[in-house]
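Shared between the two complexes below is chain A, which has chain B as its partner in the first and chain C in the second.
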Partner chain A sequence: MSYEIQTWVRVAAYLGGGLAMGFGAIGAAIGEGHTAAQANIAVSRSPKNSGDIFKSMLVGQAVAESASIFALVIAMLLLFTNFANPTYITVAVMISAGLCMGLGAIGSGVGSGYPAGAACIGMSRQPGVANKLTTNMLIGSAVCQTPAIFALVTSFILLFTNFSDRPVNPTWAAILGAGLASGLGAIGSGIGGGLVAETSCEGIARQPLCSQSVTNIMLLGQAVTQTTAIYGLLVSFILMFKFMPASDTISSAMALLAAGICMGVGAIGPGIGEGVTARSAVSAISRNKDATASITRVMLVGQAVAESTGIYALVIALVLIFVV
Partner chain B sequence: MEVLRETQKKYCSKALVISIFFCVICLAAGYKSIGKGFVLGSIFSIINFIIMGETLPYRIGRSKKKTIFVSLCSIGTRYLLMAVPIIMSIRMEQFNFFSVISGLFIVQVVLMFSYLLPKQESNCGNQS
Partner chain C sequence: MQELGRIHQLIIPFFGHNLTFNLEVIAMSWIVMAILIVFGFFAAKKKSRFPGPLQAVGELFVGQLFSLTEDALDKKRRKTYGPLICALFMFLVISNWLGIIPYLEEPTKDLNTPLALGLLGFVIAHYAGIKARGIKEYTKAYFEPFIIMMPLNVIGELAKVVSISFRLFGNIMGGSIIILVVSYLTYSVLLPPFLNAFFGLFVGTIQAFVFTMLTVVYISVQVN
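Here is the complex of A and B:
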């Protein structure tokens, strides 16, 4: 039984669309659920502030939902666009774009829910700093969306780049690898960034006078957690834009696919680990602001060490692309 | 729920004003499809935010079954609604695809800027 290329492209579009929206909904749903759960606790603690808490919950959930809207955009694009002159590479492009966006939205969705929940709890403790908490929550949540934006950019590049002049083998594998590197690589950074932002909101509620220091260290910590997502994006760009010579064997294709998987999976742990490090630093600064310099130094050293496994993954991915 | 209504009114009106202003600029510059696409996306972003807020009271203080039902209906309705402008922009050339997507995030952008732009307060060590 054989099918025309058009049929395969349709199948890939449905599969890619399903993967994008299916995976993309996971993170946002968890994040929004976490926010609502924390809002319940906050309202039970301080019912008279329920108005502000609901407001914060609504704003937090609206931001946490952004990642799944990115996924919706890619899913719709895959389902309703007619691609001219499709080839077998188009099949790989569609599955890869869907996987990339779906996986890439998980971390950001989960991560954005953490600061929103902490802001609700913070408002029940310190209603007087509601504005500071909301501002900090929005900054933290916005940074959490960065990895999902990387995944969105990768998906757009995959969908709007003309790969028809490339050989089918091993380009199909490079394209799938690109989607996996960027998509999986975004998970850890999104969650890690959320952990930092959550503690930052807790810190401001605990010690409102230190909000500036806490927000600054939160941003520094979050910036470092994003680096592994940048590695994923880098490997993804190399896989998409490096011209791979035609090959009759499967080994070269597998090396490129493995490079994407290696970088994507390898970025998850460091992203979360760096977030855990920065989270404790932010918490410590909100308790003892005089030790900010020492705590920041320890945090950066700790994050650098946690980052090393991500660098190993990057090195192996580059070896798989350029050497093997 | 008056606070919620006020919040929605405040951000939705700002979002609408920004989108209309942007659309007028685009129309004046001759980028008709970009302006129209941005307004289309913005309208659906605002509707999404309104439904999100309006269903909040129905999700709180009800039985578990009712809460799950209302939440699922709210999510399903909102995502179906958000899909409409995207499909329209893919199918109809009069709406620019990328400006529709930008418009879908107008409420989030307004939320961010409302809090981040107006005040620079809260320095460590200064009583707020």
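Here is the complex of A and C:
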């Protein structure tokens, strides 16, 4: 069975588009469902404020949806763009771009549903701070989208870089690895960042006076939580832009693919773990504002230790790329 | 769509190496600096107890960022590092907002700018650490908890530079790509202004703040 290259590229485009939208639909749906569930609870507690709560639920769900919209954009591009002079690398590029965006949308979708839900509950508890809660929720959800944006950047660079002067054999694996590193790496950080933003909304509803320091520490915690997603981005950049010499064996290609999988899967755990750390830190600050400085220090040190497994994954990925 | 990934470069041969200048990024950074200098000049021109609009904005920036620095460090170090933090935040905010003006681009969209600022923060943080704790204590921290952890501790420190700069770069680059692609798909009808407001103004401000905050925290981790 031998097909023309054009056929293979069409097959890859359909496969990539399907993967992008299929995986990309998982996270946002879960997140939005969570938001709506919390909004129901909030309305049952305080039916008087149902207008505010309903508005906040819709805004929160719209932000949570954006990760899926990124996946939709990539899927449309894959289905409707004609790529000139396709090679077998183009086949790998299309599958990889689809996988990357699809997987990368899961975490951010799930994560940004949490702060919206917590903001709804908070409004039922403290209707007076509805504005502060909405602002904090929007900031938290926007930062939650960062891992999905990283996956989007990787997909776009994959689609619009000219790889045709590279040798086919190790490059196909490097490209698949790049997509997996960025896509899988975004899952943990997206969920973790959502957990942090959730408790910050809870904290502001509990103690509106400390909203400034809660928002600051939330941003800090989310930023550190994203570190492992950034390692994933770094590994995919190296895999995309390092010129791999041609080889006849399969082992060099497998090393590059393994580097991507290693960094991607290795980033999931630290992302969630650091999010859990920062979640408790934010909640602690809303209970005891005077201890902000020492809580922040403990949080940062704890996150650094939780991140060490992500650094092991980074080291092994770099060894696989540069040494093996 | 052809504009994606296009860079104006000036390449000058220099003793066997090629020096590469990204002309657009340099020009945009100069525009940002010019805006800041003009703003500073007019904000501080007529200082009075009843501030005019520009002076009020300037006081807002300085007051907020100085108190942020004081919370993370202490009163004495606020005097040393406060102006740096202030300048960093204002440069980043104006840089990230620049993209919403037609024909101008964010200098932070090029990885070199965030990387340079990240390295700046890294060097200053480690200088502050050596100054505060002494070279002996500073070096000892790398051999904790065991001696064999030394390489991983060093990699962990270097990874901070990577993470802080890629975070800013990825967000700004991602935003500008989304704006470009959506404008292309919708023939620039209706959606792009909202996207510009979200990614340029909102995400740009948040990311500038996150970058500044992380630089302060890196200094405070080294000092304490």
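Convention: the second predicted complex is superposed on the first by the 324 of 324 C-alpha atoms of A that agree within 3 Å, B and C clash if a C-alpha of one lies under 4 Å from a C-alpha of the other, contacts with A are read in each partner's own complex, and residues count from 1 in each chain.
Just so we're on the same page, a contact is a pair of C-beta atoms (placed from the backbone, for glycine too) under 8 Å apart; a residue touches a chain by one contact, two chains touch by 3 or more.
Predicted model, so just to flag it, every value in this text is computed and none were measured.
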Putting chain B and chain C on the same copy of chain A, do they fit or clash? clash
Is A:309 contacted by the first partner chain B, the second partner chain C, both or neither? neither
So, A:289: does it touch chain B (first), chain C (second), both, or neither? first
With the two complexes superposed on chain A, say which partner A:77 touches: chain B (first), chain C (second), both, or neither. both
Between chain B (first) and chain C (second), which does A:131 come into contact with in this model arrangement: first, second, both, or neither? first
When the two structures are overlaid on chain A, which partner does A:300 contact: first (chain B), second (chain C), both, or neither? second
Quick one: classify A:169 as touching chain B (first), chain C (second), both or neither. neither
Just checking: does A:227 make contact with chain B only, chain C only, both, or neither of them? Give me first, second, both or neither. second
Quick check on the superposed pair: does A:58 touch chain B, chain C, both, or neither? Answer first, second, both or neither. first
Is A:211 touching the first partner chain B, the second partner chain C, both, or neither of them? first
Of the listed chain C stretches (6-14, 60-68, 168-176 or 186-194), the one clashing with chain B is 186-194
Interface residues of chain A shared by chain B and chain C, listed 73, 76-77, 138-139, 142, 213
Taking the touch rule as given, give the residues of chain A at its contact with chain C in the complex, in rising order. 70, 73, 76-77, 138-139, 142-143, 146, 149-150, 152-153, 156-157, 160-161, 213, 216, 219-220, 223-224, 226-227, 230-231, 233-234, 292-293, 296-297, 300, 304, 307-308, 311-312, 314-315
Any idea which chain C residues touch chain A in the complex? 1, 4-5, 68, 71-72, 152, 155-156, 159, 162-163, 166-167, 170-171, 173-175, 177-178, 181-182, 185, 198, 202-203, 206, 209-210, 213-214, 217, 221, 224
Report the residues of chain A in contact with chain B in the complex, numbered from low to high. 29, 36, 40, 43, 51-52, 54-55, 57-59, 61-63, 65-66, 68-69, 72-73, 76-77, 80-81, 129, 131-132, 134-135, 138-139, 142, 208-213, 289
What residues of chain B sit close enough to touch chain A in their complex? 1-4, 7-8, 49, 52-53, 56, 59-60, 75, 79, 82-83, 86-87, 90-91, 97, 101, 104-105, 107-108, 111-112, 115-116, 119, 121-128
